[in-house]
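Worksheet for the structure shown next.
Every chain is named by a letter (A, B, C and D) in the order it is written, and numbering of its residues begins at 1.
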């Protein structure tokens, strides 16, 4: 029974690195139009889960499907083409390129002039790139106007906060169906975090059917934006549900605050 | 800053550069060349110290790019006329342009895609041998030899590129070193490549039935064949610069840079690494093949010495000295590393030592090279650096 | 104000530029003769010795006062690399004062420069490159090309004749380096041996710069030839000789041609060099000018030894100077004057055949005795006191 | 026939000793700093020059006496000199680039190698000509039937085995060894835990370079003729051996060295016309490993840290 509400469905996913079980049979699903929070202490397997879904790590056991189609053995490139786009915990931008180029490259999978035309129809290539640069500057402006004004700055010269924002813009221009945000607010002060979460909510409204998963280890941040939350601890899913249920769950509190 | 003033500054700088080059090449004795070299270095530090002149120059290059490039080309065209009576200097200038072509090709791998390639000299040799063999054994014309060399060096570009897909920095450099040695040894020991004797009597190219080996008279002055060859190589360099800059400023260049800066995030945005790395090697090898053909038909003789490992190192030094991922920089690097050692012939023994020392000084003090790469600018977008 | 300063600066600059560019008017009448050879690189030793001898000849000519103008040597380095050689040749022919040239120890370099000298009508006298095709093929086509040293095949013929007909050796093993010199050695020694009914048990090539010959020598030990011929130059020849002794191949004669004719071989191979037989072109003893030349070379206090080819460079200079005396400093006239010269040089009288090759063929057989190259006739091996391995 | 095979096997073992000793240096440097020191081959030839110079001095000072102490002192001096050379090269061409793009150290160490080579050629007396290593090992050897085991071959084999054992204990058992391994696991963590990283890097380079010095000294003993430009090729062969064996594993470097030597020796001996292109065969083996098993025989699979 294909439940068309379900965007991503990961069933008892196991991932071990030479004996260490980073993921131990987790079951997680993401619905369309939903913001799912993925929380848990450091090293509980959240990022590993993202790496498995996006095909960077090959899972030891279990199955992952996206919009009903099995993507367990697909390459990162094929998975990206299906619309699963992610950001990275250590914000892996292309550091020697300008902010603008980073966002333009986010549109790599969109329709673009062929290699052949870069020889003979060069002005078509230039105009296509200029149009995409226009779009990139627009989205940068939405997130942070002075980022847009300094769009020719090299990515390596950006502050950590700005790097995160550029990464999110890069992900958005790739027109994702499922957006995976890996600790987007890390290193941000509360005001910036609030502003970021509002941006994420605004994005969810503009893009119909878009599913978002946010990895956070700070519970209060998640409470303001996620409808449903999944909690990981030592590679296992120890709780799932809306935020109020999670807060009361004994196991979750122990996982965070340690045993009484 | 009025547009006119900017143009003037740009022209003045180019005139200064031309004058320096001409004087440097004209004088023969050792001390005067050191003096001119010191003057040039002095001017360079003057500019590099971010005086107002440098900003103006930078802006001039930005605003008046097309005009300044045209003037630069014009100057290079009149350059050989200063040395009408001295073919040797023209021979050196041609060598500089030939190595510039191979260096621009190498920059696709080292500058754009971040892959160290120690086999570009071998590729140059393969191109040279292909055309030499075609022309001498089958009596084919230069132009068919050129096309043959392009195809063969493209194929070898793939052959060199394939094993590098799975390897990282140091492994990749070893793959290219292995390829260079295997290529060198095989050509040295095979019968049909003329073995250690190399191939002699490679014909001069013919242009509309007119061979470039003899001089022609235009308006009274007899232009030696060598100068015609200079313009042939210059034409090739200009065309290949256009090709290279179009590649770099199109989607291909952008994607190459993504593969260079972070392969993992490139994968997660749908970029398949294999085709782009291969393309980088194929284009680079074709450039080297063309340079090899122009070299073989210039010297009229080709042997394994001109594709030894020292040529691979020299090309890598040119890209580093000039400035990675910057066509203008790489060309300047190539011209400097051909002209300067040729002038300091009397300190022959120290030539290789000089290369190695300059390379290390550059890497320590100025890894971005003489003319560092600039960020891509889009006409319709304004924004500061 | 700023604009005026700018224009003024430009004017001053252009003035200095034109002044410097055309400095240096015409000095008193000088005739230059170019000498090209390996002054750096692997064969620098042979190149420097030849250059010094060439310079000695020029100095003597100037001192003799027979020339109404000053003669200068334009020494250029080809670093045993054809591309560098081509550059040097271009430099020589493009200097109008250069009237003729002598060149090259490496044959591949000569092949690269010969077309350049021919195109510009400048005579090239080869002093050290012994590649057969330089005269057989190019000498026949281009009148500018002549050679004062014997061809490679002459040396191998002489050695093969001595080994097979005179000494009666039957079985041979050939090792050669993969340079063009080594390849030519292989070709002509093979002809020399097989023509005289000798049997070649095996042939192997090694790269220049190779140092591990043990695998090859173990193969040679199994075949057990009477004679091991090495076609190559000093370093590898000495290395191979040391390892021959180490591999216990003592009852095998070790031989080669002029590539080994250098005192460096005895120094490097040390005691292992004993009993090595080689052939060297030229027969200095019979020519009465030899002691005077050796003394003059020593008095000139060059800091490099004369080497095996100093004598040929000296004679090459002699040929050019003799032609210069006859027809004067004119490139075209010099070309034919040199080709038809009859010049009494150090090693005998030089005349050139239709391929520009010297008709003077005299060889010396040498044997390494107590760390020195000794003429076979004067050695204890000839007198029977010492035995060659059988 | 079988005797020749045995002799060829001995030849490949002798060559294998040379290659593995150099390869250990590459693995040691790579293990620590994740950098390939391309001038390692030039440490090797520098040591041959140093060893020969001091032996000549000693032989002239006290002629006639060729004693083991004399050889040991000359070897020790060569090791110390090369060790310091290694430390200097690390400080100049590797330390400034720890944070930068990994391409840079490849180029800087390669240039350092060229500089060492050219300095030897220009400033060593008659540097460009072949040099002679004084003959200090008495000739002769043990004869097992026809099979001759030369004394210099025995000396080299014993020396190599001693060094392999020394290296094994150094890495596994001593404090220095554990610190070196700690640094190689995680650079930052080691410095945080209080290991003076720079000091240990220098120690490692000293050890690695003096290892190459031993190989260089033995190169002198075995071949007795050497030249300034033999270092570069030895370096590339050593690096290939350490890659084939698995970069980072000392034992792997040894296996890689002997495998490369085996391929070369038997290609030269048994393939007709093979000796001229013996290097082609060993490089083809390297290429095959690089393509199908980049981590080498013993190296652990390299996983990209995300």
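Some notes on this structure:
Keep in mind that, in the parts below, contacts are C-beta pairs under 8 Å (C-beta built on N, C-alpha and C of every residue); 3 or more make two chains touch, one makes a residue touch a chain.
All values derive from a computational prediction rather than experimental measurement.
With centres computed from CA atoms alone, B is the chain lying nearest the middle of all the protein shown. For the pairs C-D and A-B, the larger set of C-beta contacts lies at A-B. Per-chain CA centroids place chain A at a distance of 73 Å from chain C.
Centre-to-centre separation of chain B and chain D, using mean CA positions: 36 Å.
We define each chain's centre as the mean of its Cα atoms; on that basis chain A and chain B are separated by 43 Å. Contact of a single residue of chain C with at least two other chains is seen at positions 40, 178, 205, 207. Among the residues of chain B, those touching two or more other chains are numbered 185, 189, 264, 349. The set of chain A residues touching two or more other chains comprises 56, 88. Within the complex formed with chain B, the chain C residues making contact are 6, 10, 13, 17, 20-21, 23, 39-40, 76-77, 79-83, 86-87, 90-91, 93-94, 96, 107-108, 111-112, 115-116, 119, 131, 178-180, 182-183, 205, 207.
Of all residues in chain A, only 54, 56, 75-77, 80-81, 85-86, 88, 92-98, 100-101, 104-106, 108-109, 112-113, 115, 118-119, 122, 125-126, 129-130, 133-134, 137, 148-154, 170, 174 touch chain B in the complex they form.
Every residue of chain D that touches chain B in the complex is listed here, in rising order: 30, 35-36, 92-93, 96-97, 100-104, 106-108, 110-112, 114-115, 118-119, 121-122, 232, 236, 239-240, 243, 247, 273, 276-277, 279-280, 283-284, 286-287, 290-291, 294, 302, 304, 306.
On the chain D side of its complex with chain C, the touching residues are 1, 4, 7-8, 11-12, 14-15, 128-130, 132, 135, 148, 150, 152, 223-227, 229-230, 233, 264-266, 268-269, 273, 275-276, 279.
Of all the residues in chain C, the ones that touch chain D in their complex are 40, 42, 44-45, 178, 204-207, 209, 211-212, 214-216, 218-219, 221-222, 234-235, 238-239, 242-243, 246, 248, 264, 267-270.
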